[in-house]
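Across the two complexes that follow, chain A remains constant while its partner is chain B and subsequently chain C.
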Partner chain A sequence: MNLDWNVVWNNRDALLQGVALTIGLTVATMALAVPGGILLALMRLSSNRFISNASLYFVEFFRNLPLILVIYWAFYVLPIATDIQFSAFTTALVALVLNVSSYNAETFRAGINSIRKGQMEAALAMGMSRRQAMFKVVIPQAARRILPVVASTWISLFKDTSLVSVIAVGELAYTAMQIRAQSFRVLEMLTAMAVLYWLMGYPQAKLVDWIHKKYGVKE
Partner chain B sequence: MDVDLSPLTDNWRFLASGFGVTIALSVISAVTSIFAGLVIALLRMYGPRWLGVALTFYVDTMRSIPVLVVLVWIYFAFPIIAGVTFPPFWAALVGLTLHIAPYASEIVRAGIESIRPGQTRAGLAIGMSRAQILRKILLPQAIIRMLPAFGSVLTMAIKDTAIATVIAVPELMHRAETVAGQSYRPVEVFTFVMVLYFLLLFPVTRVVDRLYQRLAHLGRS
Partner chain C sequence: MNATLPTAAPARKGADQPPVLVYENVRKNYGDFVALNDVSLQVNKGEVMCLIGPSGSGKSTLLRCTNALETLNGGRILLDGVPLPTKESEVRKVRQRMGMVFQSFELFPHKSALDNVAMGPITVLGMSEKTARERAMVLLDKVGLASKAGNFPANLSGGQQQRVAIARALAMEPEVMLFDEPTSALDPETVGEVLDIMKKLALEGMTMIVVTHEMSFAQRVANWVVVFESGAILEEGPPAQIFDHPTKARTRDFLGHLGWNG
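Showing the complex of A and B:
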């Protein structure tokens, strides 16, 4: 077995671009999925049955599907259903946002529901509107409980971005596997890919543990 | 847009056997992960210190590396070091277990730690050994509390088996890709498979939710 680790260093520019795209995709997805999750959670808590059920079905549907299937589905069905050609990156973003928004919606709903009803009633009794009570009393308290869960979702999302390599989005996994195919340096490139993910993911996992310790609800 | 369902009716046996592989792989890897998780958690809590440090490192590593990377590495890179090749199914089973076992171990650890320390002290006070306390007092209570979370491990395993398509395990996702590619009917095939996965996963998550509600109060001390 002769190994040639130079292949990793020689392809550093491509790999770093892959890293940048992985990070970019994670940040962009979360930036869209937090408002998406808030919207879905508020819809779910709405008193209008139709709106509430629409949110429920949407969330349950996407929470009960493998993400890789949603990515394939978005890749093949979106262009036909909408008659617009999306780039692979946009397709990946749509699939990831659909998935993560659903998880976030459940997180936010559980967070809001965990604030005792008395808080809302007290705010209403003081003459606040429902909207004021929600945004000034309930949500600020719920946010503290939600933060650790969103941090865990963040890690999952960071790892799940590797799945969009199946539709040829040039993030880290795709880039590394392309170089592997061109150079036939299988062990070197796949190990380098794992190490690069580890270097990024390990500190994040530790940070999430710290957030859980600091903000986690203890009963 | 015209819909043509003939690729599905023509290939239903092919897809059904893929569905079988998905169920077999997910159930087996969930079971192996739960057992491995139990061992990891007990060694971390009661084993020698150096082993605990090593296992913590392993658990955190698996939390930071995508399952796709683990599967691809086991299937393509590991044989180069070891000199043996696995069939895809076994590579997927090993990869999925390596990846899911740490999650199961965290569930086990949380379950055991949720039993109040007073029970351990009481056991020690009446002269039981640590092993007896674990077997007769802690685990019977903790396992009931862990049951719903083990259900979540199963849903996780079902979703992760779809990723095993990248190493050509002949499960549902891979079969769907094959049929879609041959028939040029990706919309019908992927939509159908989407419904299938939903019908498989939704009852499991419903049962898990029910278990959480039914069992949450049991084993409370």
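Showing the complex of A and C:
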């Protein structure tokens, strides 16, 4: 077999730009999906049935659709249905945020519910409002407890950003596929892509393990 | 054997002042279960009141109703003559005037001992962090834990955690302290250190309601003892009466079950 690894090196600038966009997309998605998830989780825990149900339907809708379908839908259907036309990057971001917010909402809800009732009561008993008790006492503890789960979601998201290549967002997967299509170097480009994803993903997983060890709350 | 002279019962402590807390026909149900059935009671200023009785008799429920962690199904509770409010913002004001100590401590595990104590004044009273920490240090010193200020709850013994919890409640400068079985979750060897702090507080004149199974504490420290059974008050009176001359046979039974032969 005739392999030509030069194709990887020769396209390093394009690949690095793809890497940058992959990272940017992951960071931007999480930056929106963490507050989004907290909001959805708090809505779900609300005593108001309407608010609680709205969150439930949202989460169950987006959690149970294939992400790639949401991406296509946001790209093709959303502009027709609503007359809103985003750039490909923004469309990708919207689709990813909808999906990851739903997962985060479930994670945060489980985390909040795992903090025993007495903690909330102790906070209320000293005169805190429910909101203060939630944000000063319950959520900080829940956050430490769910860190490993959020980290897994992060790493899944990091890899799932490759799906937005279907709407021509120039992240790593799209860029690599474009180079492959032009150079016909399938094996080289797929391998390069795998190496790049793995090299970026593995340290993140290790970093999260370390954070968890350092900041996890013992009881 | 010396004959003891009969003496007139001394006036109940704080009887010369208006009561701090008054319970009027308080009722609380959980579904079909009646947790409190028409309970009327008063707590005087500076009084240490111990609530005793079998598990599930309503003592803790009464305490939790006092600072509105539970809502009443009937009757009312007055703090300094004013009925407990129902509006959330006003309930918060009332809770600030009562310190609560829980059986399971409920220290915040993500905060150091010092920050546990400083948190209420910072969050609720808007005190500056510096002032709140200085005051917290004084309170930790008072409960004998100044040297553990930087420890997290996981690195404190049960007794130490409960002493921090008492300091945390005191940080809000409450008028009344509510203790919900404060020593029931402790190892026997650390019970004493918590009871000592509570005794110290009592001597300082703090008004205290204590749900407890520590009969010797109730006998030595309480000014007034209330015996609960099945959500109602079986009997109340000064400790000498309750422990030495209970009027109800069921009080004797209850104390007998605990091995009390006073």
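Keep this in mind: the second predicted complex is superposed on the first by the 207 of 219 C-alpha atoms of A that agree within 3 Å, B and C clash if a C-alpha of one lies under 4 Å from a C-alpha of the other, contacts with A are read in each partner's own complex, and residues count from 1 in each chain.
Throughout what follows, contacts are C-beta pairs under 8 Å (C-beta built on N, C-alpha and C of every residue); 3 or more make two chains touch, one makes a residue touch a chain.
None of the values given here were measured: they were computed from a predicted structure.
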### Message
After the superposition on A, what does A:155 contact: first (chain B), second (chain C), both or neither?
### Response
first
### Message
By the touch definition at the top of the document, which applies to A:73: first (chain B), second (chain C), both, or neither?
### Response
first
### Task
Based on the superposed arrangement, let me know which partner A:132 touches: chain B (first), chain C (second), both, or neither?
second
### Message
Which partner chains sit in contact with A:166 here, chain B, chain C, both or neither? Use first/second/both/neither.
### Response
first
### Query
Taking the superposition as given, does A:182 touch the first partner, chain B, the second, chain C, both, or neither?
neither
### Message
If you tally the residues of chain A touched by each partner, is the higher count for chain B or for chain C?
### Response
B
### Query
So, A:53: does it touch chain B (first), chain C (second), both, or neither?
neither
### Query
Mind pulling up the chain C residues that touch chain A in the complex?
67, 69, 88-89, 92-93, 95-96, 98-100, 102, 104, 106-110, 119-120, 123-124, 152-154, 168-169, 172
### Task
Provide the residue numbers of chain B that touch chain A in the complex, in ascending order.
1, 60-61, 63-70, 72-73, 76-77, 80-81, 155, 158-163, 165-166, 173, 176-177, 180, 186-187, 190-191, 193-194, 197-198, 201-202, 205
### Task
Can you check the complex and tell me which residues of chain A touch chain B?
1, 60-61, 63-70, 72-73, 76-77, 80-81, 155, 159-163, 165-166, 173, 177, 180, 186-187, 190-191, 193-194, 197-198, 200-202, 204-206
### Complex contact set, residues of chain A against chain C
118-119, 121-130, 132, 136-137, 140-141, 144, 217-219
